[in-house]
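Per-chain residue numbering starts at 1, and chain names A, B, C and D are given in the order in which the chains are listed.
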């Protein structure tokens, strides 16, 4: 067991290559994990298509993928909290451990973070090495395909919990896979009503299926009036911004009532032009930048929501494909047919 | 329309008397409300049986009752926010309006508060006069019998929201009518799991029907172990104490995990002997004293939960009786047969 | 006592006119106040010079001025909390009292607010009428000239307290009169270090005098490095943005460490172009829009800071001028010579 | 360098013995520290006198002492964040690192914590071994004698910051060494006024010297009235309970205004009898159990307060004695003559 298959970006150009590479070596405090299921993310698509962001951030060659679950295959001599054979997922943000953020419970925004599948080798491979501190032992009540997407599901949970939705009305702008996940999460976390906004009718249909109380095309001219009517004329208590689109951010902020909260997870590719006075200052809004998942508060929350059955992701995980069909997976994502795709690495390629 | 029927405590002794009294006069900023439905509360029972608390607090003669809904019958000349005919409930704590608490959004703990049905005439009467600022216009989506119990339901909502239950495990000690209400409220507000504890098997059965994930007799010797097992060995995140019993408070605090939160609503009749070191200090607990309902944050939250159908009180409101059957209502409460009783004042006694 | 002098905007053009007008009539719940001292604000300057904002917001004729103190001259029949002769200031934002915000302790962001000196007659006059609920009885320990500027001082206190500065490092962008006040307020509220940034050297000198640990020209190329060095390379914990300048907002946000907080009080006159990803989202920042002063939490906090001598405004109130010298006051403000000017209305014009 | 001097409890009886013992061995992730200065704590006194608590908790033989600073003498091969020669202090609570609390930023209340000088060998010795994660590199701006007492100073800071004192009135019950430290800490953290309460006149005199606005004998019959008068009749906003005395806890809670906060650090040796209804529930109080210091938020806060000179402990560190005078140190503590004693281990006993 010294060689393995890995999906890699090997040159500064579009596409991925499935390569045979050495199984990673592990240090004293590391854990080697046999990857069994791995989620495909929009970020992977950016790296695949080699857009401007990817050009600046990615340094080939590197193995892609950052959402996964699997079984512990080996542990370093200093590892004490997991054992070979344990079923695990892992936090893909590897924090430095010694900075102000890391030492005050905010490792998710560590300034020296390294992200698997971006800054170092990722999880679209038979094996991945992770520091012990990043490994998350899986409760037997968590199905494999949910465990494989704890990373994006955790983004949704972190955003929802940071915003605080209990008994509140909530608008979500952008219902890609994380925005979709945010709907049942917000409902389970206590939202009184959830309104989904997007430009894609198929995504809005899916939004309704997973629990949105109402869905709106972002271009619907009656949108503002209808949301005001559904919120006693006040506007929504909470905005979850998951599109990264400048116009959606402006629309979303305009929907929030005075004194409301807006959590921004979507990442705009360019500067955004904002009427700060009208959208934020006069309204007394609280705006939260959201990054990653809290280590490991978000993981405990996610586990609680999934294990108790409060959150059902079945309609969102639209495809589970064998690893070798990765090209089809990326085609499905590009076409917009898929919401969330999980690759199965257990069956076909392992030694 | 100058005389009306009212249920009154007229002497320092057990019992109530139904009397004809003048319809209350209203000041410039007051609202006269024709009471239609009124909830019966444990406090009314204390006043009925004339226990030690009642002896010290109640100064007969006074009309009893503090949970109600009805229609506006008349308004003072300075009233602007409601009109004759409006369907309303009202906050029964009448705050002074000028103290530190009142001027900083904490009127629910105003030091000079007067409570209807306790310190001044209450709602077991055809009419009640309320200051405009205490009147709560009812959304058409709120059924009468729910509107009549917004006061105790608000106690439950205030306790749940102060504790913060979103994605948390919750133990409730004491499932009288407010403890029972707290179960669907906690679920709707996002609790991942709710455990109900009481000495009364009938109440525990009801607790299960309204959504408790597990119920426990307070004397069950395996209770602590089972709750630890259901919470990964940590204990519950949140305690909602609704019994006022010293032993339940001790048990409840022992169930809370380190760093957890406990909200105390139940009122002990005597001092409580607590191991502060073990129960609160070493654990780093946060303990919240809960009184009344936030004006009017709790009311908005309660409205949101009821209007959207997130909270279903049908199994808890066990009886709706005509006003003239008030003696039977108190007998049903004493016997423990009833959870929540609502009196209907519309039909039989009004002029 | 039926006529009085008032400084008014009487036509849609630059300048003010001192006119004789009737003393305001008061309603049942109103208080008539004999104005004794009144602060001059940048907003008054905008109205004086009739800029774009003033053109859209102000409907002449209207009496200007919104910061003041004085003595109660008369009260309506329903007023109970103040008496004739009481020394008072008043909150200049008159809230509707019945909206969601007003009923949940957030009247400072009431959507139907009316502001004195902007939307209705203000305090540059011998008398002003205020609703009882807006009147703030003055503690004997508060000097007149401080009481006269509780409105802008309250803006500073609200911003500082919303941001939370206890043991934190704080950068303030823009040290006009409110920014200057924020320096001793932040120090008194527990800031460990305060850095002031502006383009005006005279204001920076004043900033140092009132307690800034370091001051920086906004154009100083070494500013970022020096602030990083003074904050262990992390950046400041808290930004208080008080300039309203787009470039200062960008600079200020760039100075805040990951996980920090930014409170925005300065009002940009145009849209601001922001790199939301780098400035807010990746950093996990909390950004707070700040408007007015909390009613009346901020007033209690301001009173505590001034009464205990924790905050010393003497260097900031650069001029106390007789009312008739109002033209000189506006000339001093335009020239930048003055920080805060207080007009004395007691001596010369009253009947 | 294989043997060293250590102050040890060697048998279940009163007293300590200075023994020669082996220098501790260190593991891969451990740091060996040459102790230079170490604080003497009330806990050490309990162990010295062998009271009931000590009998149950301490398992001789064990080296005593848990407050210290020194220099790094050796590091394990996996240590990366400190180097030999670094000046350091250390958090004495050694947390498990993998429980819910440790993984959610609350390691200070880890259920599996081990405390140096209590559960394992402590710092009254020439050398101590600590896990790398517990070591706190000292800023050059922190004097040795302050660094030696970061543990109790951190208790004071944790209590003050958890309670939140900015612009608030604060009562402190119990001004032993931590209570005394809490006075300048509360002032520096923004308290508007600080009232100290104790039974010991000498401690109250010291309290006044370090910044208490007023001091009170706990038995003064006019205490309550005077504190009410100094707080506009409301009571204090915040209680910091640092005595562990049942009667002081009752008195302290009675002083807190409705809606106030109480932070309990003092550890009662027995159960406490509390009128929960009057003291906590009706008042809507928030009561916080405080344990240890937040890792490492409290350390950063403490560093900021000391480094900027906001907190001056000189009057509180009443004695700095050579290590060999430890018996005199314990005699001074017993007599009440000393507030905080620091032992100097650098000069006389090291090899």
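Note that contacts are C-beta pairs under 8 Å (C-beta built on N, C-alpha and C of every residue); 3 or more make two chains touch, one makes a residue touch a chain.
Note that the structure is predicted; figures quoted are calculated from it, not measured.
Both subunit A and subunit B are touched by C, D. Looking at C-D and A-C side by side, the one with more C-beta contacts is A-C. Subunit D has its Cα centroid 41 Å from the Cα centroid of subunit C.
Spacing of subunit A relative to subunit C, judged by their CA centroids, is 42 angstrom.
Each of the following residues of subunit A touches two or more other chains: 100, 104, 106.
Within the complex, the subunit B residues that touch subunit A are 157, 161, 164-169, 188-190, 192-193, 213, 301, 304-305, 308, 310.
The touching residues of subunit C, counted against subunit B in their complex, run 28-29, 78, 80-81, 97-98, 100, 103-106, 133, 294-297, 299-300. On the subunit C side of its complex with subunit A, the touching residues are 99-101, 104, 106, 108-111, 232, 234, 249, 257-259, 264-265, 267-269, 271-277, 280-291.
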